[in-house]
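For clarity, chains are labelled A, B, C and D in written order, and residue numbers in each chain start from 1.
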Amino acid sequence: MKPDLSVTLGSLRLRNPVMSASGTFGYGLEFAPFYDISRLGAIVVKGLSLAPTHGNPPGRIVETASGMLNAIGLQNIGVERFIEDVAPRLADAGATFAANIYGRTVEEYEEVARRLSGLPSLAAIEVNASCPNVKEGGIAFGSSPEGVSRLTGRVRNATDKPVWVKLSPNVSDIGSVAQAAEGAGADAVSLVNTLVGMAVDHRTRRPKLSNVTGGLSGPAIKPVALRMVWEACKRVKIPVIGIGGIQTAADALEFLLVGASAVQVGTANFRNPGVCVEILEGIEAFLREERLSGIGEYRGKLAL
Amino acid sequence: MPSSRMRTAEGRIVCNEGHGGIFYRLEAALPDPVGFVPGQFAMVSGWPGNDPLLPRPLAIFRSAAGPKGKGTVEFVYKVVGRGTALLSGLHPGAPLSLTLPLGRGFDLGKEGRLYWLVGGGVGFSSVFPAAAALARKRADFEMFLGSRTRDQLPPKEWTPGGTAPGRLHLCTEDGTAGFFGRVTDAVTERMGLLSASEASRLTILSCGPWEMLKELALGAANRGVEMQAALESHMACGFGVCWGCVVALREDEKTAYRRVCKEGPVFDAREVVW
Amino acid sequence: MKPDLSVTLGSLRLRNPVMSASGTFGYGLEFAPFYDISRLGAIVVKGLSLAPTHGNPPGRIVETASGMLNAIGLQNIGVERFIEDVAPRLADAGATFAANIYGRTVEEYEEVARRLSGLPSLAAIEVNASCPNVKEGGIAFGSSPEGVSRLTGRVRNATDKPVWVKLSPNVSDIGSVAQAAEGAGADAVSLVNTLVGMAVDHRTRRPKLSNVTGGLSGPAIKPVALRMVWEACKRVKIPVIGIGGIQTAADALEFLLVGASAVQVGTANFRNPGVCVEILEGIEAFLREERLSGIGEYRGKLAL
Amino acid sequence: MPSSRMRTAEGRIVCNEGHGGIFYRLEAALPDPVGFVPGQFAMVSGWPGNDPLLPRPLAIFRSAAGPKGKGTVEFVYKVVGRGTALLSGLHPGAPLSLTLPLGRGFDLGKEGRLYWLVGGGVGFSSVFPAAAALARKRADFEMFLGSRTRDQLPPKEWTPGGTAPGRLHLCTEDGTAGFFGRVTDAVTERMGLLSASEASRLTILSCGPWEMLKELALGAANRGVEMQAALESHMACGFGVCWGCVVALREDEKTAYRRVCKEGPVFDAREVVW
């Protein structure tokens, strides 16, 4: 019997728990040459802002031990062009997709969310609450429960779409931040975004990123991400989407095991453009092997 | 028929040998033949483990159809860091992961033009395939290759067939072979001898270090010569989804960051913010 | 000319900036077969508690991508045996050494510090303020500026030795925590300790560590550690000791470049018992190559 | 003279070949000869990059003095995961990083005893060196080797010289060679036949999976037979500084965590909390 791969995130039902992570999957269509993108649980597109954004000067990526730093600076085509040019093509391809959004102010977040609400084919809005370039004296929204609560509440009121709040791992207590999102009406939390890191060249004495610091992703961060997802799952009742260093079906299963309802695959797409489908097939094969009827029989079943 | 559609492929190493001391030639067998435009590249990896994490971009040097519908692809590379050192340690029979062909290659389409192909260092890896394609089209071309010293010029046997000896200009900074000086000097000198109408018929196709390309681009702009430059950049994905590899281009009086892996690696030299 | 490798940490002058990190170097004497341990800037010994400590059951280490998780649980011989058996032998070997200390309560920290104060050969006391098994409702001392301030102040008053406070990276704002330590009288701050992580086996459905979570160390964390050291250096005037993923002289130089006064080498000792001396020699060779008269000409010279 | 002092050594691979399908024999040349006690081990790495990060413990299988004061060391391993897979991919000539000899080996010191050497799976890698040492001392020993099936027994040519054929007992769980059943069953059966005085003269030296050692240890304790067990454990350092590799021992009525790499890997089976 074919195991049931479908998962529910609140009101939303997904074919399967494997999604792409924002910023690592372009606008989704770029992967059409590699496989049928409608096979994924969902595609989360590159973070969208109100106006098109230039991004940071080069020196945007640095490889680190089993990871990479990026400081792309959210270069993107802006929400309008996404709505006009990209969304219809994703819908035509049969893909389930969510929009990751980002603003310099709470008002911008609201406005982007509002504009996206009119897109019938859009499955959800993922709020990037982990960006350091916002008001409030330069302190990231995402690093305090209060900031996350406020941002979540405002976006929640601006749209009828399911709202996923994407959390930063650069905090002392991820559980409280996740609870803040839940309390303010989030339908799900996604975690983790990147860890803030830095790289310098000891000879030239210069930072390797034009932005000096950047976000660390990839297998290096998986142990930290898994711990945070586990902690968040213990603290909230809304679904948790697990992200961070997932490269194989085994990695994805680990996040499901500690309680995640779904996963997102990021950096691994760069190494292997076909990886999301390989993970999907690997999960299915595992459920078969273990004679499990579906994800539900496995999720959160960590034996302590 | 070799197909030029972008794909991932699990290759197997057929040959991976040092040549002339500093260049390696890596040949891999593929499930099917790959067509490519000179200047296009592949993302290559093959070492085990997650460190280094990212594949490395290498220009496609040659490709061929093999027996039973299979194919082969060749790369030429220089060991400069960890990834290329790991590549150089792989033995025949080892697997090689590839995504290819990627990016926008040289535009060789126009009729009746004169081409100067300029390669600095390992830049000949994109310039040779362009020369081979021009030779097949019986187009009019000359080739300038520069390096620091004689031993760092590409081995003779790699020079594409159809390159008339008088049309191949070697340049070494220490004078141990050919022109004594940098390849940019040789090209600029030769450009100086062109009439305006010759200059307007000329297209430079170039690949090499940033400083070399910059100098060439300025020289070409001065003489109104068209130039296409194959740029390098640190890449994470190679197929346009990470926005990590951008270079600043001048477009309609504004600058915009464009992806070297997607809108490039070959750019019109006049648009690049050098 | 031989470059001057010596560095000062407040009142303390060290031969050179290369130290071993606590918990990765035993009690120091274990390295005597590999090299003359008096060559190091300082040896920081395994965390000492008031009474000998058993530690956690096995399942204590897990390898991760370019890193490892440990949950040793601070197994150690206790401060008394250290004072009686170990310290004299370290002194005889000509080694400069510091004691890393740990307590379940503030009072225990104080008491361990007090007992160590009588050891003339002891160079400094490093306070492990990053341990999750302490009073205050299970919240780590190290995760809030208030906790760090209180602990630092109390240990400061219990001893005349230089006090280094070792900070946890599991915080939103490392600068504030470093400032809290400085304000409470620390002579230096050491950072980072390990990032909290987790590993599970997706087949057996069990955590890989008996303690479920553990501390992530090794090259995987270097980008995060470097960023935090840089941030701390901008916020405090006391010396900062840089720790996290250092394996080569280049790595160590990166920490010095962003402002660290010295470095500690941890996990790298496991892979290569001779690594500290290789790093030391590498730093000297670099200074020579760059024709620098000493560390002072290089430290903090990051060009932004 | 081979020295037994603990050291790091940069070796170079001389041979790294599969035998009998599942075991590899890895031989490395060393700057100087290494002396060791059977049961001692080395921390071994050699792959490039930081992933996997940690070296892997392997029992020292053989060592020898070479010409010009140099030495060689040999290991036998089975591929079970990433580290051993990487090791198996290393070619002759490649460097190998070693720290050795490590830990406390078997105690073969007592006169007049009868030894039974028991190896399960790749456990023969510590048992064979012990047999070779006992043979050199002309001590009285028998050897029991167990595996799931015939193909997983060690290749015959590795059996140490001096092992009288009648004293080598092969056991396979599927009966394809020797005793039909587990090696623990064979040993327990034989122990049952011993007189009390024979039992008191017997020492079992054993290496293999935890469950096998546990069963043996219980059987031995029942018959008052002395037993030394070489344990395995996940190790980070291998020389006693990380406290990662501990096992629970019963000491003076209390349990204490002792380091497999330092106080072990060979322990008195009666002290282990199985």
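Simple rule for what comes next: a residue touches a chain if its C-beta (ideal position, glycine included) is under 8 Å from a C-beta of that chain, and two chains touch if they have at least 3 such contacts.
These numbers were taken from a predicted model, which means no experiment stands behind them.
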Contacts common to chain B and chain C (chain labels)
A, D
Relative to chain B, largest Cα-centroid distance belongs to chain D
Measuring from the mean C-alpha position of chain A to the mean C-alpha position of chain C, what distance in angstrom results?
34
Taking the mean of the CA coordinates per chain, how far is chain C from chain D in Å?
36
Averaged over CA atoms, how far is the centre of chain A from the centre of chain D? Could you give it in whole Å?
48
Residues of chain B touching at least two other chains:
49-52
Could you say which residues in chain C touch two or more other chains, in rising order?
64-67, 218-220
Could you classify the connectivity of these chains, where an edge means two chains touch, as line, ring, star, complete or other?
complete
Residue set of chain D touching chain A in the complex reads 50-51
Name, in rising order, each residue of chain D that touches chain C in their complex.
5-8, 45, 49-55, 97, 99, 233-248, 256-257
Chain D-touching residues of chain C, taken from the complex the two chains share
23-26, 30-31, 33-34, 46, 54-55, 57-58, 60-68, 70, 72, 75, 218-220, 247, 267, 269-274
For chain A, which residues count as touching chain C in their complex?
64-67, 69, 143-144, 170-173, 195-200, 202, 204-207, 212-213, 216, 218-224, 226-227, 230, 245, 250, 253-254, 257-258, 286, 301-304
Which of the residues in chain D end up touching chain B in this complex?
47-52, 82, 85-86, 89, 91
